[in-house]
Amino acid sequence: MALDKQQIAQRIAQELQHNWYVNLGIGIPTLVANYIPEGIDVEFQSENGILGMGPFPFEGEEDADLINAGKQTITALPGACYFDSAMSFGMIRGQHVQLTVLGAMEVSENGDIANWKIPGKMVKGMGGAMDLVASADNIIVAMMHTNKAGASKVLKECSLPLTGVRCVKKIVSNLAVMEVLPEGGLKLIERAPGVSVEEIVAATEAKLLVEGDIPEMTF
Amino acid sequence: MALDKQQIAQRIAQELQHNWYVNLGIGIPTLVANYIPEGIDVEFQSENGILGMGPFPFEGEEDADLINAGKQTITALPGACYFDSAMSFGMIRGQHVQLTVLGAMEVSENGDIANWKIPGKMVKGMGGAMDLVASADNIIVAMMHTNKAGASKVLKECSLPLTGVRCVKKIVSNLAVMEVLPEGGLKLIERAPGVSVEEIVAATEAKLLVEGDIPEMTF
Amino acid sequence: MNKVVKNVEEACQGIQDGMTIMLGGFGLCGIPENSISELVRKKVTDVTCISNNAGVDDFGLGLLLQGKQIKKMISSYVGENDEFERQMLSGELEVELTPQGTLAEKCRAAQAGIPAFFTPAGYGTEVAEGKETREFNGKMYVMEEAYKADFAIVKAWKGDTAGNLIFKGTARNFNPSMCGAGNVTIAEVEELVPAGELDPNEIHIPGILVNRIFKGENYEKRIEQRTVRQKS
Amino acid sequence: MNKVVKNVEEACQGIQDGMTIMLGGFGLCGIPENSISELVRKKVTDVTCISNNAGVDDFGLGLLLQGKQIKKMISSYVGENDEFERQMLSGELEVELTPQGTLAEKCRAAQAGIPAFFTPAGYGTEVAEGKETREFNGKMYVMEEAYKADFAIVKAWKGDTAGNLIFKGTARNFNPSMCGAGNVTIAEVEELVPAGELDPNEIHIPGILVNRIFKGENYEKRIEQRTVRQKS
């Protein structure tokens, strides 16, 4: 069974390490915050200007002056702080954030990512994604392995305008966990429960290294 | 009679305009704050991190955490604010400060200034002076016209390592007020009371334009 | 040092057709609502707006888009706005998309008198096309130049008569870095107090970076995505 | 996120001979007194110090100079220190003088991941020798690169267990821009409170830029120039 969005987020949450600062992109990445493993203390940065972002407010307690990068009303945890956009991206560019999780329209086998523009059709802009992918040491992409037509989104080369080059370290899709090898090429690490290596290979256009037994993800 | 240091400061204070932010260097420039003309509201910036610097504290009220760029204990006026060094020089570099007054060892006829180093003898460093002279639109130099040996410090070319090039707009010395012409060369504007044009010319190595009657300074 | 102007009309005096205007805010959070309304009322046209977002159809900069007052938008993210998309795809509206951190830093550079700096953002993408790139310590960077605007318009929480500003929560966002990045900086504030009432240690932006300040009125503070959880 | 270490010894663990250390403070104002004492006690030698000033003969970085622990000073102003002058003129001590604003911005650039930027300071002087210069909008600028340090050591007024910092008065100076500019950032504070006690809106430096925090002791806070006026 391919993972649903919650499960993708849940699998990514297993990557969290104690005392990490983490930036979660809009969409599936946001859900990662719901699955922080026991005993792991992480702090969430939202690039519009908060560290120590907490859960959504209780109804009636929303504050228009307190939102996340997805423009959602949020709360601040004890120890939180606010700062301006220049400082926020100083943190990001200065590599003070240990993990960035974001969505993608396409990723390539050398770690390129495309997620901001479909020429002639949709141009919402890159927001903070280009700064994040150009700066972060550790980038995990959360995505569906294929598009609605069944075509692979894990490609030899991205066809859409790039957001960043050679930056993705790991991909967690609905089918698999893959690592981007330093020399280029992807390595299959885990399969979604019940999904075969053959199914994953068939859904992957990129060069995919499969070595030995590939374990199923566990939750 | 040549001016004393207090009078140089007093003459420079006449240049202050309403609502200007002003940075005063160490030495004679600091004294300018004592002669702000009636009805003129100016705010003093000290580059170590305060806007709205006030007078020295009353005895017993010194605060080690509140000093000016000369490391003197000071006070803060209502409306003052503190900031870090990056912001402070952002203000300076961004030309938000309207007037900079500083001392000099030498100035040249094209507005070069030297005030931070005597090779082999004295190297105290430039502090904030290089940022100030490179950025400020309006720079007035407060200085003695000649050194102790009687040699001119207002030169065709500076002999000491430069602090900045073509930046000085006006010189107020113990003998005269001179303007740096946009095309280079100095123009004599005012004489110290009782000092003749001839005395000033004799004390000036730089090209000095003297046009018509040169009025005496008034206080 | 008194920076107070009596109202939004006086604050916006001198803003003319064809000018470049920088506006604070992230989405609808921390936007200068009063000044945007005044720009609509004044009907200034052909303006270039530097702002992280373009508002929504009927609020924020969306109001200027409705009136076709904007010639060019410089932003990082422009979703959630149908009229924007229509004008852009039809070619009526020029759009320059800049990575968010680069946008913030280009404003801060203008404030701080830094004409250009290097950032890794956008290297290897179309954002870097036509720009100088260079390697530092084994990594590639793009050279970006400071933004300059005729007017910068920001929204703060508290301000004093000397122009000192304090922002609130994430409504801070782009506002501080835009102060002093325009030839004239206008600040509208929710609360305006006499100089001396704000703790000098708590001021986010020194008054030297603000030219005109006024107390704004009737803030709507519209929430774009009202997300809540239930009390269990 | 708990950044608290139990004392100055633990805070300074890992500082070794030959390292580059960045230290906050302007003159003797806002210097990390406890950490400087610990560097003296540890007898680390051959260090490069990036600090606006070099202290006075018997306080601040002057203490490290006394022990000949410093190989190189990077500063903007080094007056008021006889031992410094002696070591410099005799060639024992290497000195790199940098304009004060450039020094601040080079630290801030390191904090913010900007490898290089342009500044007008020093153009046409020996400071620009060997550096790239370039014209922007008719004015000449010098390219300056970010400072990188092994350790950055700062002094704050209040801090919380998460590493968030608030500075006081002009003791703020270089301290904020140095946070995160070293591989490890150590903050010593006068008052250390639990996370949540500081108003998130009043924090000057977010804890993400601080790796180790501890409550300093016995601050002398020596005044360099005690200037007063008489009550009339």
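The chains carry the letters A, B, C and D, assigned in the order they are written, with residues numbered from 1 in each.
By definition in this document, a contact is a pair of C-beta atoms (placed from the backbone, for glycine too) under 8 Å apart; a residue touches a chain by one contact, two chains touch by 3 or more.
This structure is a prediction, so every number in the text was calculated from the model and none was measured.
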Comparison of B-D and A-D (more C-beta pairs in contact): B-D
Centroid-based (C-alpha) most distant chain relative to chain C: B
Centroid spacing, where centroids are CA-atom means, of chain B and chain C in whole angstrom: 36
Centre distance in Å when chain C and chain D are each reduced to the mean of their C-alpha atoms: 32
Distance between chain centroids, defined by C-alpha means - chain B, chain D (Å): 28
Where chain D touches two or more other chains, by residue: 105, 108, 112-114, 119-120, 167-169, 200-201
For chain A, residues that touch 2 or more chains besides their own: 50, 76, 82-83, 86, 89, 92-93, 135
Which pairs of chains touch, using the document's own definition: A-C, A-D, B-C, B-D, C-D
Chain A-facing residues of chain D, complex: 1-2, 108, 110-114, 160-162, 164, 180, 194-196, 198, 200-201, 203, 206-209
Residues on chain D engaged by chain C in the complex (per definition of touch): 105, 109, 112-120, 134, 136-137, 139, 141, 145, 166-169, 200-202
Footprint of chain D on chain B - complex, ascending: 46-50, 55-74, 76, 82-86, 88-89, 92-93, 112, 116, 123-131, 134-135, 161-166
Chain D residues within the chain B interface of the complex: 26-30, 52, 75-79, 88, 95, 97, 99-105, 107-108, 119-127, 157, 167-177, 204, 221-231
Contacting residues of chain A [partner chain D, same complex]: 19, 21, 41, 43, 45, 50-52, 76-83, 86-87, 89-97, 135
